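Next come the structures, one after another.
Two complexes, one shared chain (subunit A), two partners (subunit B, subunit C).
Right after this comes the complex of A and B.
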């Protein structure tokens, strides 16, 4: 394969994994915005999305679309329940407490999934076949197009929610100033609940669309969560558009490193990126643009 | 309208307010004066429901509200403009006002349009800047926005915590004119201020707060004439 075709091939692969990382990063960002906590169960929700969809298709004999929708709804419900059962009852839920709780949630989730759904890797067919599409000498898997399309729709919908709906604006208000939000009647507790539901849905969607490409096992969550977290940090923690930029950048870097350095090196990229961000630019690529006036 | 009796409030094991009692009648402007750390903001926090560590009784329009959280109290008709304005900085001016009416979100656009007109009528500058992030407004404009946001909830009792803080004299004048105007339009006002002169000018009665206790309660004119008040708060 000539140089351009190989590069294009790697870019295609990079942006499609990158889109998945972006979805996971959105989950981190939404919860970080509303609670200032790092959500360690984010990766488990991705894993659950894939496993529940696979189970619904395999054991449940359901059509693919229905199975995927059920998986996303189920995980979103689990995300909301997790918040109601652990964060909500706390008198003063501080960021560090919530972070610790999500570590516990992650461990519980992983064990429960292993006990209930088993330890075997599962998968299902790509949404619309496997015939690669040829573009300028390179090929793109049809599932990659699904991944990009679904991610784009999710991003636009999320943007619309936060910018245009009263509930979304209230969540931004609560993220900006919790006490002031309470004073105008916004329930900060509810906005935390909604952020868990959105984050879980984002994770589950990521899981549902990536599983046909990679298979899913009960212990994939940690690595997926880590990649998503690196992407979120790279783009700027708490920034919705940062998630997209960070996710795509990380996906591309991984693909290029895998293609030109060594495929074993791929997983180290996220770690290097995370370290670099922490040293060089903790606010991430998009940073927190400062519009504050004192 | 508002009766507060033997209110005790604090943070953690720090007791701040001790047996504080005060009342506000419909249509009044009441001011709470006191120096730094006297407990003005703590009183405001307790009345607005932000502060949960409260004992004693707070009765508003015949109903006790001391157990209610802030997000419910605003629906009862009490709204606090907090110290330091606390506008939602990343949100636009328009969105800030919209959030002020959050509890009335079911009433629909038509109902809110009159409130937007009212607020823009009082503060024309907010209309000019409605699409700008609130964080980019000047201090005075942010104070106007904070008051406008509170008005969007249609409060019957409006509480303001140091609205003059950090503002130029001319802007302070403007803000106090608005307070007088709002009162003339029927809104009852409870005002906490270090700027005792301005506060006593607009108020009908006042309370002097010292180390979490009310040490003096009288008509504004009487307070202005009081030697201790003149010396401690009016700098005469």
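Right after this comes the complex of A and C.
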């Protein structure tokens, strides 16, 4: 395999994993924006998306598209319900409390999924066949194109939601200054609910599109969540575009480290770079430091 | 009320003891077992436990051992080493077992409990995979194992590749204990076959193996041996297909002999070979194979009792109980040193996993002759290389 083909192959691999990391990172960012908390059940939502879709296709005999939509809607509902049942009843939801609660949510979700949907790995057919597409000596799986496409659409839609719709603007206002937003009549509580729903949907979409390529087991969520969290940190927590930049950077780093350095230390190399970036820019690549006027 | 019952009991006991007409009931021989029927390793533990149930029933139906029935005590270790340690403590101190058979369905648990059985000098037959369990023998004189060793699995795979003229192969292994053991053994075994190896690793939850596979392709390996028990093994197969590597010899280790994985891999499992014990292909074995009869009868008994097909894990525990009983019979007592010596002297025992030969120096009974290569075809495993 010549140099260009290998590099291209690794870049393809890096971008498609990176896109998934980016989707998961969006979930972290949206919830961080509205609550200042890190949502540790993000990875479990990814896992649930894949498992519910596979169950709907396998046991429910549903067509693929419908199964995937059902999975995303179901997980989004579960995300919203989780918020209403745990965060909402709290009198004063501080970030640290919400973070702790999401750890509990993650453990609960994982155990319930194991009990209800089982412990066996599942998968289903890729959206449009498995014949790899050849580009300049490298190959790309058709599902990778779906992953890239769906991630792009989701990113644009989220951007549109936050920039153009009243609800999105209200959420941004609530994120910027909770008290001021509440004073002008924005329901901060509802914006937290919506952020949970969006985050769960982002996770479920990630799960639904990667399961055909990588399969899904009930205990996959933790690692996926961890990678998504790293991507969010790398790009800058709370920054939507940071998720995209962070996700793609992390994916590419992993692929290139695996291809050129050592597969034993693939994750180690990726995380070492993450550390170095955070030393130099503690707020992440696109993150802005808090500026306090004295 | 309580006092009265107590008094009556004392009275009764005195009467019995003095009259001498009622024979003292021969004490049963107790064998203790720990396996994980819940938790992460539950998919192994369930069938492993049933294999033992069948063996104990068989033996007791034939009159037990040394004229006594086997009393079999089972604890679930829930895939956790801590639970395993507690259960073994109880087996040794409270239940006073003659032997411990089964080590929690996970090598990690077996390794965690064996210092206790060693200290108490209770013979322990592990039904788990890792070679470390029985090595070094000098430090573990009371520990035995009824499964194949990793170096033999590697050797079996390389025997085949040598036959096909392969000079350079890749080992694509997971970074877990299971995979690291393969790495260590391959480093030892490969030079004996005069082959060069490309080593590549992946995390058990990895979702993309393109970088590793690209490197393998680039280095010109003619064959790939994949070593994992997680779905990443399916990803490897699918991505090899995507990268046009399906013409290479592709082998999976015994950890991947699972219908579930084969179905998930679909087309990508075509021409794949798996190193396995003989159990999954019992039907295809030649009649001269000594394990064949045992395997078929075990499958029949299992189906009869539980109403479904067993998996290969049932054989290693079924054999372990039989080995324990043979040793007790040979030792003619439940004295632990005698049982240990008897276990060490078992040779040529034909079980459902193969022929067991133990010695003072080897506490692992199977050899690479007990391993075969199988392939997945028409929805079942078939014998590919005997």
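What we mean here is this: the second predicted complex is superposed on the first by the 281 of 294 C-alpha atoms of A that agree within 3 Å, B and C clash if a C-alpha of one lies under 4 Å from a C-alpha of the other, contacts with A are read in each partner's own complex, and residues count from 1 in each chain.
We take it that a contact is a pair of C-beta atoms (placed from the backbone, for glycine too) under 8 Å apart; a residue touches a chain by one contact, two chains touch by 3 or more.
Treat the numbers as computed from the prediction; the structure is a model and nothing was measured.
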Could you classify subunit B and subunit C on subunit A, in the superposed arrangement, as clash or fit?
fit
Taking the superposition on A as described, I'd like to know which of subunit B and subunit C A:186 touches: first, second, both or neither.
first
Value for angle(subunit B, subunit A, subunit C) over C-alpha centres, in degrees, nearest 10, is 140
Quick one: is A:55 in contact with subunit B, with subunit C, with both, or with neither? Answer first, second, both or neither.
neither
Have a look at where A:166 lands relative to subunit B and subunit C in the superposition and call it first, second, both or neither.
first
Comparison of subunit B and subunit C by subunit A residues contacted
C
Just to be sure I read the superposition right, which of the two partners does A:210 touch: subunit B = first, subunit C = second, or both, or neither?
second
In the superposed arrangement, which partner chain does A:220 touch: subunit B (first), subunit C (second), both, or neither?
second
For A:29, is the partner it touches subunit B (first), subunit C (second), both, or none of the two (neither)?
neither
Applying the touch criterion given at the start, work out whether A:263 contacts subunit B, subunit C, both or neither, answering first, second, both or neither.
second
After overlaying the two complexes, what is the shortest C-alpha distance between subunit B and subunit C, in Å?
38
Residue overlap on subunit A between the subunit B interface and the subunit C interface none
Footprint of subunit B on subunit A - complex, ascending
166, 169-170, 172-173, 176-177, 179-188, 291-293
Which bits of subunit A are touching subunit C when the two form their complex?
1, 6, 9-10, 12-13, 16-17, 20, 119-123, 130, 132, 139, 141, 210, 213-217, 219-220, 223-224, 254-259, 263-264, 266-267
Along subunit B, where are the residues that touch subunit A in the complex?
48-50, 69-72, 74-75, 79-80, 82, 86-91, 95-96, 98-100, 102-103, 105, 133, 135-139, 149-150, 152-153
Interfacial residue positions of subunit C with respect to subunit A in the complex:
40, 42-43, 175, 200-203, 205, 207-208, 210-212, 214-215, 217-218, 230-231, 234-235, 238-239, 241-244, 260-261, 264, 267
